[in-house]
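Below are structures written as structure tokens.
In what follows, chain A forms one complex with chain B and a second complex with chain C.
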Partner chain A sequence: MEQQEIETSGLSRRHFIQGVSSAALAAGIFSSSSLNAWAASVPKKGGTLKVGVVGGANDLYDANYIVAKADQARLMSTFETLLTFDENFVPVTANGLAQSAKQNSPTKVTVKLRKGVKFHDGTPMTADDVIATYKRLLDPSKKTTGKPLRTFLDPSGLVKLDPLTVEFNLKAPNVDFLSTLANYTYAIAKAGYDGKTQIGTSAFSLVSFTPGRESVHKRFKGYWDAKNVYFDEVRIIDFADKTALVNALIAKQIDVAVDIPFEQFKTLKSKKYLNVIENSAGAWLAFCMRIDIKPFDDNNVRQAMRLLVDRKQMLKRVLSGHGKMGNDLYGYIDRNYNANGFPQRDQDIPAALALLKKAGYTKANPLRVELTAPDDTGGLILMIQTLAEQAKKTEGVVIIDAKVIDGGTYWSAKGQYMNTGFYTTYWSGRTYLAQAAASMDIYPELKWPPADSSFRADYLKAAGTANAKKRREIVARMQKEEFEKGGYIIPFFNNFADAYSSKVKGVVVRPSQLNMDYYAHGFKNIWFD
Partner chain B sequence: MSEAVKPPQDLVAEKFVDERPPSLVRQAFWLRRTQIGAVLALMLISVALVGPFLAPFGSTEYVDLPNTLSVPGTIFGTDYFGQDVLSRFLFGGRTILILAVLATSIGITLGTTLGLTAAYLRGRADEVIMRALDVILSFPQVLLSLVVISMFGPSNVLIIFTVGLSTTPRIARIIRGAAIGVVERDFISAAEALGESRKRVVFAEVLPNVTSSLLVEMNLRLTYSVGLIASLSFLGFTPEPNAANWGLMIQENRVALTQQPWGVILPTAALALMTIGTGLIGDGFSRVSAGIDRGGKGE
Partner chain C sequence: MKASIFRFVLKRIALGLLTLFIVSLLIFAVTQALPSDPAEAMLGREATPETLEALRADFGLDKPIVVQYGNWLFGILSGDLGTSYATSIPVSEYIGPRVGASFFLLLIAAIGSIPLSIVVGANAALHRDRKFDTASSLISLILAAMPEFVVGTILTIVFSTTIWQLLPAVTYLEVGAPPWSDLQGLTLPVLTLLLAVTPYVARVMRAAMVEVLESDYVEMARLKGMDERTVLWRHAMPNAVGPAFQVIALNLAYLAGGVIIVERLFNFPGIGSALADAVRSRDLPVIQFLALIIAGVYILTNLLADIGTVLVTPRLRTRLK
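Up next, the complex of A and B:
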């Protein structure tokens, strides 16, 4: 944030220009055709939108917790957040429940709620509901994504000033707290929400939900932004795999296919009755090396592994080129991404071998490691196979044994994920500090930072530093440490793509964290031609 | 054909012994169907065995952007993972073929031994062996293999044994059926009277008289094993995730079928031709041994 006080109902021009030039234009995904289509089509009411997602018996329904894209779609169709992100990942009030939000100081944020917002049961949304939601997020006994919030906020810091005003008093300074309010899993549910009865404030209220099959949502008559809601009904339909999902779209059984595989990209794009949109929002896939497990406790090994990767090839091979090259740093959407301007790291076998020699690994004493990926995440399987193949260039000094593990086992509490030295992970796009917190505290994948590091202290300092320049300096220091000693190998940032029937109009194409531009904020703002 | 009426089994056997007619294999190869089958099978077997030496790229080597049809230096473009489709195809037959042959050998050895033993011993031993095999037989072959492999995890040795074991009861049934008639014949009693060991009686006296059935069954089971192992690979039950293997190739490339069909067409065609080939050979054998088309020119 540039200033301490931000009125999110307006958009600072500087933010806008900076953001467009960096994130959006670099992404190259603004298509003029979609803008034209929007201009040409006059919104019409009515119809049932059928949205296809890959899901199964593990489907969740919660305002504050998700695992898979099916869960995201359902969360977004029922619940709304106080703020939302614009295309530059600046928090704004559009499509949010806040009338305005102000960061008064690094430790104080005031949120004024919209008047006339009603829950699906007809009761008005008030400050009590907001406080109840954030208390739920702060409650360690509840399964939510609220853990990073607990670094900055205690339940006692939530104060109701009047029925439509909430004050967040932070226990540790965080000048970017407005971004936290725009986190899509920090959606507002009715006070007393138990995760079972899904009563939100969105444009569509839940009628029925069968995990692994379908959820049905009907238009909510009391919706606060009713003029921008067009469908009578939305159905979110589960498919067992992406092939079935895509086939259903081709056969016109569904109107939207969320998250299509890149293999199908060209085929779907060539069909006249379909539109394909691609989104680059800093999502990433990575190899994790636990800095406390042999042999990765030796930084020489970690750095050597990073130098083994032919990122250009990996991007082509795994994503068919649908992404951006990575440099072992996360937070692509952050304006402080690669604040030090480190040059692109690329495959350098001699340098890797020299580092490995320092660590004691030679042809006579090779480094043999097992690398695992879950069978439920396509890109990760290809990634471990590619790396195993690329490691062959060391001519036997590094031997990677790539193993695909059943997803249920892999992600379980004692599974390969987070419990072994060398495994894989995926994340959606976040700003740098949000990701640093998530990687340290929600999912401590690397056991980062090392004991003698100032990384955590720097993190807290950066979160509380309002001055953008000073903040960038701290972030640069953190990134330097990660670039030189970290345990992530981030070969690329992956795009994601959706396909939908060309009779669906109004779809916005811009960088966004979730598919279909945040599932069209609960499937409003779009309509059938 | 002129000899449409099947002569009694005894007469055939005696005729064979007395006149030393051309062997079953030679007779079978007079048939056009066997010839075609042999050509097809040989073609595919040579692709499987020699293919890896002819492949322009490595089996897991990166060539170009995945699922691209026109890639310079390749004939069929790249597959789902940016590898050369042709090279993958040339590499992909060997594993399936070797696994299928080994699995079939296990099935044949076990099945024949059990079938002959049951037929020769009769009585309680027969009942015990055949009922135990019926238990295995009651499971569909694919299901049995799936259960075992998903329990212990896929490894080549396990695949060979599971597929081999699942074919055993089928072979044992056929062999027992063929041997039942043989064990009652006089020369067996004669051999027993001469004091030959039971093992020798079974394998030296009974076995040579059921070879025709055995040959037919061997071909049939090989065909089935190729199909079964390819299906298991297709379902993802392979030890290596990205191994070049025709069954796995179909599975890997089917998503991009509309964009890059060769990754599916080549292995499918190969598997189809291979099974048709071995099937035709087996058919030729069975026709000859059953007395249909014997000595004829085929159709």
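Up next, the complex of A and C:
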């Protein structure tokens, strides 16, 4: 049996500092140490970093529950996870609270904690805090993102071996459990945490928070990695609107603008005093067709819809080209993405019409269907409008009625999301099996898999298979079924972009799930020139 | 006469309170008709039956609608505005500073725009069909035709981002700081509001002034040999200002709502963004309170305009006796 084991190794191999040309890197001109010396201004202490991000009264502040980017920024500046991801989405201990983590078997993981880690109130972090955090995540009455965890972990599986060692005994096999420990919303809070008093272990402790306005964070003197913390203070400032956010950056009122609109990408890039970085981490937007609701219970219709999409045009129109074309398969960051090597699917109207005819839809008997998107998620509105327009190429065989719904309604328990046949969704980047589990059981958007399918059995088998080659074979089988019969239309994987003042140094550019490379892991590792 | 004006004002205030009550009933009814409740809107796709139930109990949504409304009304009457669902902060603490900031913005815009529009309008009328009149008419027509977010965006492009970088693009108020602590940051929002309101009032003022200047009593005054200044300020102005008051009031009332867009553009921490957020998350206590405030501004400005009109219009003043 192969074992996955991680030891503290500091920075990972491809730790790019921005400014080094990728050509130089590809040619292997710089060794890692000379690279740092070349790009780095000498780190300096001091200053207040002003970070602008879209937020509002609905701002959340919680170690284990977030919705918007503003919430992510605040979570990351206050709390830390056991592990983090490197640029290949392999879990590592860098910037994490674990000294080491080891998967002993598909159902057992041991985590040794760093020595000398303190909470913002001065108390030491121990195994008790880790167990309390995971118990909170497993508690269905608590408002957390722990839902996915509950399928393979029970509170009774959490065992304290000594004050700095925790054992996770899983009730269902999961060979990729170390990735779970790197989930940024599974951040460690102090035992007894109620989601109200924000005491974490990060580089900056919270001074004040006013929802919809700003939060102020000051440098924490007892931080375990204090040598890599430079700012005296960080302010995370809410903007109601992205235009105002970008304007404030241009007018030099803030230092960082998180998640800029792609339309502004070129304008901001042309300013000498600003840097713009772009990140691809396998996040995706998709159309969902529920396989148990008419007309999508007929696979001919699902496949026809997939062939209707002009993905190139959609990528250009919705993301201004800032993304990668999708092939109705998820798990872009996974080593086993498109394990079968399926060719790129593209618009094929004659093939779509033939499939629709098989399903009984013709000009005389057209397929008329409503497609919805919420008004609060960037890109989805443009996506449904574009698809409705592209469907016109069927000359009246498929008529899509695109409808924008208020977000509060759309996502609610009785809303369009998950309750209708044809709607839209968004996901951040995940590995293949984690996403398969989430889409099957946590948010059953498609009611996948079909009753006669071996998909679920294959999933359980893959999750318990440590041998990489064997696992890839199973995953390939699962992906084949989804490619041929699935209910997702995944037109693209979307990038995201940030802009910041060029006086901010040390910003790392590499694939990461969150903006600004995980908000610079709580705004450490970066400084003012 | 004083007593009669007092009675008039009292009557209007009573009517205003009745209007507020009806507004609160309407808002409550409308929010009940929305397809998702605050708990669902807040939890979104992370909701579990357990968390939904807990949150509903927290907000008191498990009680009958009449009881919910009664509790809210009783709270308001006893000075308790309730607690915001979304922020878990008492409404007074959350919205109070924002109301103050928005009010300050509105006040500066009003103080600037009222004399400005009256002077521009009156001058245009005095120099009818001459250069000043033509120019001011053209400019005010252009400005009146542009929505305030266009005006604001142009101002931002010109003064803070693209052409010159002279003024801040957004207002940045530290939490707890009064709105006048960032005067530079206030410049563009105030200017936007000023440009949004002034043209209308100036045009109405000009029209009214033209009419008055052609009237018999102004001609009479001139024939009596009064100097032009006295004719203008004593005889013409008071009669022309009456209609202008009405328009000013309507405009300020409109601004109480329209300020939302300007606030968003300049990230001004006022009631605008709070209202948009509150509607999204079905934050009923906040929606109710802000609706009352905005309706209250409407009622109050109209009342002030009516009183002002009565006081400056001799005909109406005498009728009240």
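Basically, the second predicted complex is superposed on the first by the 490 of 529 C-alpha atoms of A that agree within 3 Å, B and C clash if a C-alpha of one lies under 4 Å from a C-alpha of the other, contacts with A are read in each partner's own complex, and residues count from 1 in each chain.
To be clear about the criterion, contacts are C-beta pairs under 8 Å (C-beta built on N, C-alpha and C of every residue); 3 or more make two chains touch, one makes a residue touch a chain.
Because the structure is predicted, anything quoted here is derived from the model rather than measured.
J.: Is the arrangement of chain B and chain C around the shared chain A a clash or a fit after superposition?
T.: fit
J.: For A:T243, using the defined touch cut-off, is the partner it touches chain B, chain C, both, or neither? Pick first, second, both or neither.
T.: both
J.: Based on the superposed arrangement, let me know which partner A:G56 touches: chain B (first), chain C (second), both, or neither?
T.: So A:G56 only meets chain C here.
J.: Which partner, chain B or chain C, is in contact with more residues of chain A?
T.: C
J.: Would you sort A:Q264 into first (chain B), second (chain C), both or neither based on which partner it touches?
T.: first
J.: Please indicate which partner A:E214 is in contact with in the superposed arrangement: first for chain B, second for chain C, both, or neither.
T.: So A:E214 only meets chain C here.
J.: Quick one: angle from chain B through chain A to chain C, Cα centres, nearest 10°?
T.: 30
J.: Figure out whether A:K143 sits in contact with chain B (first) or chain C (second), or with both, or with neither.
T.: second
J.: After the superposition on A, what does A:Q385 contact: first (chain B), second (chain C), both or neither?
T.: It touches chain B, and chain C stays clear.
J.: Please work out whether A:Q303 is in contact with chain B alone, chain C alone, both, or neither, and reply first, second, both or neither.
T.: neither
J.: Just how close are chain B and chain C at their nearest CA atoms in the overlay, in Å?
T.: So the smallest C-alpha to C-alpha spacing between these two chains is 5 Å.
J.: Would you tell me the residues on chain A in contact with chain B in one complex that are also in contact with chain C in the other?
T.: 243
J.: Mind listing the chain A positions that touch chain B in their complex?
T.: Touch list, chain A to chain B: 242-243, 261, 263-264, 266-267, 313, 316-317, 320-321, 375, 381-382, 385-386, 389, 402, 404.
J.: Touching residues of chain A toward chain C in the complex: what are they?
T.: Contacts found on chain A: 56-59, 65, 67, 140-143, 145, 147, 208, 210-214, 237, 239-241, 243-245, 247-248, 250-253, 376, 406-409, 411-415, 417-418, 443.
J.: With touch defined as at the start, can you tell me which chain C residues reach chain A in the complex?
T.: Within the complex, chain C touches chain A at residues 34-37, 40-48, 50-52, 54-55, 84, 86-87, 89, 94, 153, 156, 160-162, 165, 167-170, 172, 174-175, 263-267, 269, 272-274, 276-278, 280-283, 286.
J.: Which chain B residues qualify as touching chain A in the complex?
T.: Spelled out, the residues of chain B in touch with chain A are 60-62, 64-67, 80-82, 236, 241-242, 254-256, 258-259.
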